[in-house]
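In the two assemblies presented below, chain A is common to both, partnered first by chain B and then by chain C.
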Partner chain A sequence: MFDRFIEVNSTFPKTAHVLEHKRQGGLVFGWLCTYVPEEIMHAAGALPVRITGHNQETELEDGSAYLYVNNCSFSRSCLQMGLRGGYDFLDGVVGSSTCDGARRLFDLWRNYIETPFHHVLTIPRKSTPEAHALYYQQVVQFKERLEEFLGIQITDEKLHQSIDVYNESRTLLKNLYELRKLDNPPISGAETMEVLNASFRMPKELFNEYLKDLLRDLPSSGHTHNGLARLMVTGSVLTNPEFIKSIENQGALVVADDLCTSTRYWSDPVELNEDTTPLQAISRRYLDNFPCARMFPSDKRFNRILSLVQDFKVDGVISQIIRYCVAYAHDLPLLTERLRANGIPMLALDVEYGTSGSGQIQTRVQAFLEMLGARKR
Partner chain B sequence: MSTAGIDMGAQSIKVVILGDSKVLGRSLIPTGFEPLEAAHKALDEAIKEAGIPRDDVKRIVATGAGRKTVTFADSSITEVTADAKGVNWSNSSVRTVIDIGAEEARGISCDAQGKVLDFAKNDKCAAGSGAFVESMARALEINVPEMIELSFKSTQDAPINATCAVFAESEVVSLIHSKIEKADIAHAIHDAIASRVSSMVRRIPIENDIALIGGVANNAAIVDVMKKHLGVELVVPENPEFVSALGAALSAAA
Partner chain C sequence: MIHTGEKKDKIDAIIRACGVMLRMNKVRPDARESENIYYQMLSNYFTRLQDAKDEGRFVAAHTVFFPTEILYAMDIVPMHTETTTWMISLFTGECADLLSAGTDLGLASEICTPHRGLAGAFASGALPRPNVMLWSNLICDNTAKSGELLMEINRCPGFFIDHPFQHSEDEMKYLVGELNSMIGFLEEQSGHKMNWDRLAEIVARMDRQIELFREICELRKAVPSPFHTQGFLELLTIDYLFPGQPEATDYLETLRQELADMVKNGEGAVSDERFRLMSFFIPPMHLIGFLERISQEYGAVSVTEPFFTYWGEGRLDPNRPLESVAEKSYMIPETRMYGPLDDRALKSIVDCAEQYRVDGAIYYADVGCRHTCATIKLFKDILNEIDVPVLTLDCDVVDPTITSEEEVREKLERFFELLEDR
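== the complex of A and B ==
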């Protein structure tokens, strides 16, 4: 059932869908962070794909040659893929000033990788009216630059159509996550990550069809998963399903997450109403979406994590933070405290991007499961 | 009925044989390159010391970094759970356990029943471990007991800032070249380890009583500087390097 998704990911970054789109003369744009509005690229007729790094933890000799070591291994891994031609099909790259890692990656990409179009958005850290005004202006500017580069008009009608496609995807992913709330869900955490990864790497319309098929087949498939404990994964960007698998292989079941590659990516729809233009609605959604740890106040994110803990009946939370991913590292003590006050233990892991779970990590996870097991007794 | 706990450490294997809530036998041998064979040998030695027939050992639980290699064990638990159980057996007033082994250090917060409440471990770093003590002693061209003795004779502080064992070694070499007294360097090395371990342990709630276990707990100089860094008294149980194995044997008996 997951083969079609896994196939997309196993050929990443040059997936058959990307190559086919290029062969038919289509444009492909890479985006670097969930604060870049995909609908605008989609409405411009391009295929937006997410730029991520190597699937595994790997030597980052090229990445480290250009980026100082205190840039996270995610930014170095992405840069290395780019430098080695992994993204040579891109017609454009769009970054944002979300964190230093993402920003420096964009700078070096612009300098060393020949991508015809590049643009970076400034992202405020708050959700005040002033912040929304600033971000809206950034979104308008992005649209205008894209129109100028492509020599086209991105009409409201096109934007409406793109919003529909992306909102449908969000609803379908929400339905998939509803299944994870079950006592014995038909989908594991690692399988969910394969589905999510594919969602960044192929045309959304087709992904939605794949997902509809999956949602039709899953409930009656007889697949069930259970575990010694229901866990939630939080923290830095994560795309390696092997990492989740290494947790689940020890007897746990990962049922929830708040990663920028998972729940934070799809959770909130673009809400249209009569008083707003599609661009205003997009702008509002992207700044108000389930927040990254960089956003203030942190409570907004913590409250959403706590409601996920409740909704998905989570026994414990695993935080995996990439070294130098400062926003998440700084929020960690506060989040740990909030979870502890609610009786939810937290295991904090320091990782590098792409890790599939070393022996040391496995020992920590096993000890955490033993601890959760002793609590239940 | 007797049980056995086998702690497959990075450097040595420790076995404890437990019967009628008493430690009947113990053994410690180097892990080497054939860990499974070594585990068999260590178990045999401990059984011999216990003076009981092999069949009396009804359950075997493995722990430690190499716990999965002990294919003949009935089950395995992590060293975190084993440490808390092992310490609790002899000292139920302990709420915080600090374990410094050859390659790894950890801090564990536990309750009066020896259940783990929270824990922290060093990540990808050897600077807070027994292997570091040994390599620094080599750099000073003395053995570990000599380094411990020297450390107590130190009269002034010398700086070692590196958080990495490799860089620390080059700092030690610089100190040697700057004609700093060997005693002060020895003290600085122990201080550096205590500093690394203390900052890691502070990630968990530190509550009295606090026990220091693991092979490095036999190092009096480390125990001394650890007390200063944490500003607390430390309980060092008898045979601190056997506590994980004891915890595994206790878990096998439960």
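== the complex of A and C ==
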């Protein structure tokens, strides 16, 4: 059932879908962060793909030489892949002021990698009416720059179509996550991550078809998972399903997450109504979406995490923070406190991007699961 | 778990150190008058902070690159948290204790020492408890993310200024709105009304001070260059703590005159100027004295610091005081590191190198500072294009355990040899 998704990921970054799209003369744009509105690129006729790094722990010689070792390994991994030609099919790169790692990754990409189009968006850290007005202007400018670069008009009709495609994807992913609320879900955390990774690397329309098939087949598949404890994974960007698998191999089941590659990617739809233009609706959604740790106030994110803990009947939370991912590191003492006040234990892991969760991490997860087991008894 | 106890703060250590410097300067024949003004200003700043509680004054703690002009206009006592913490650390030698207190809060070791130690300073009571906590996202994620924990530690309300990334009209409007909202917050919390006339006066003085900063920079173009290697730290502190204050004008005018006299007399900061250097970012605090000595020893003087002393273009308008405060935040040399590093930003480095006729550059690579270190290669590459070699010195601005004097000496000596050979 998951083979089609795994196949896409196994050929990343030059997936068959990307290559086919290029072969047919299509444009491919890379985006660096979930605050970049994909619908705009989609409505321009381009294939938006998410720029991520190597899915496994890798020596990051080039990444470290250009970005220095004290930048997060996600940024370094992405840059290294770009420097070594992994993304040479891109027609454009779109970044944002999300965090120090993201903005410097964009700066160096623009200076050292010959991608024809570059654009960076200012992303406010608040979601006040004034912040929405500013972000809306940023989205308008992004659309205008794309139109100028491509020599096209991105019409409201096109935007409506793109919103429909992306909203359908969000609804389908929501349905997939509903299955994870079950006592014995038909999908594991690692399998979920394979599905999500594929969503960044292929045309959304096709991904939606794949996902519909999966949702049709899963309930009757006889596939079920259970574990000693139901866990949630929170923290920095994570794309390696092996990390989740290493946790689940120890008897736990990852049922929920607060990751920009998972729940925070798909959680909130673009809401259209009679009073808003599609561009306004898109801009509202992206700034109001399940927040990243960069946003202020942090309690908005913490409250959503606490809701997920409740909805998915989570026994414990694993925080995995990539070294030098400062936004999440600063939130850690506060989040620990909020979870503790709600009786939810947390295991905090310092990781590098791409880690498979072996060695010391396994030992710590094992001890955490034993502690959760003792609490249940 | 993260609340501070009521302990006596350590502000007194800074005041005593300033007193020592002032007394020493009285017997130093080469002491600058501007230096005396500087130490007296510091002493007054920290005495005011120390006395604030007893006098029932309202104290606002704030992070770096904060529009302190607004606090002065509202008669609120400012506490520059990074400067205060690291002066305490420097003068008490308690760096390890502050960092350890920060780690005890659950802050990871990758969080830069200035901000980890700052949280530790509040938690351990080394810093006095403020009435409010103010912070912004200038200039990195650490500043952006530090405030909420500090509010919890101090059990005080706070306000976060969301500084936009780029410099468009929309973004200026947003920033002015943020400043207005903060003023509303401060009025509510302190009971002090914003004095707009006073803010206009402060902005007028700030405009004059920026002109003086620029004039001082111009004088440093002279060969030999008149300002000592670590002098730029004084200039930084002046803007950090005293923006738009009369005493800052006094300091800057005095310094400018001193430097002008030196230039007129052909005197340099070092007796035999051999190497003109560009400096990137802040050297390790515990090595400041050593860096001055080696500067004299080798005739190597820092003549320009593109991200500390090279102010952006523009003027402030007292008739539009809040807009001017917002505009100033884009003119501060350091904040050029905040927006996109586009061709214009990079060109300013090349311009600096050429205008100041630099022979080489030293990049103080603070191991905890991600957004600066990510530019090492970029800056090196553009400077190498104009034949300016760059030495990268790994260090930590406050933690003395990262770099030793011997290590830095060895690297600097090798670098000076290289420059000599060229």
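Throughout what follows, the second predicted complex is superposed on the first by the 377 of 377 C-alpha atoms of A that agree within 3 Å, B and C clash if a C-alpha of one lies under 4 Å from a C-alpha of the other, contacts with A are read in each partner's own complex, and residues count from 1 in each chain.
The rule is simple: contacts are C-beta pairs under 8 Å (C-beta built on N, C-alpha and C of every residue); 3 or more make two chains touch, one makes a residue touch a chain.
These numbers come from a predicted model, not from an experiment.
For chain A, the partner with contacts to more residues, out of chain B and chain C, is C. Of the two partner chains, neither chain B nor chain C is touched by A:Q24. In the superposition on chain A, A:A367 contacts chain B only, with no contact to chain C.
In the superposed pair of complexes, A:N273 makes contact with neither chain B nor chain C. Residue contacts after overlaying the shared chain place A:S220 against neither chain B nor chain C.
After overlaying the two complexes on the shared chain, residue contacts for A:D350 are found with chain B and with chain C alike. With both structures placed on the common chain, the touch criterion links A:S298 to chain C but leaves chain B unconnected.
On chain A, the patch touched by chain B and the patch touched by chain C overlap at residues 348, 350. By the touch rule above, chain A contacts chain B in their complex via residues 345, 348-350, 359-360, 363-364, 366-367, 370-371, 374-375. Across the complex, chain A meets chain C through its residues 65-68, 70-72, 75, 97, 99-101, 103-104, 106-108, 110-111, 120, 122-126, 130-131, 133-134, 137-138, 293-294, 296-298, 321, 323-327, 329-334, 336-337, 348, 350. Interface residues of chain B, counted against chain A in their complex, comprise 65, 77-81, 104, 115-121, 123-124, 203.
Within the complex, the chain C residues that touch chain A are 1-2, 105-108, 110-112, 137, 140-142, 144-146, 148-149, 152, 160, 162, 164-166, 168, 170-171, 173-174, 177-178, 340-342, 365, 367-371, 373-378.
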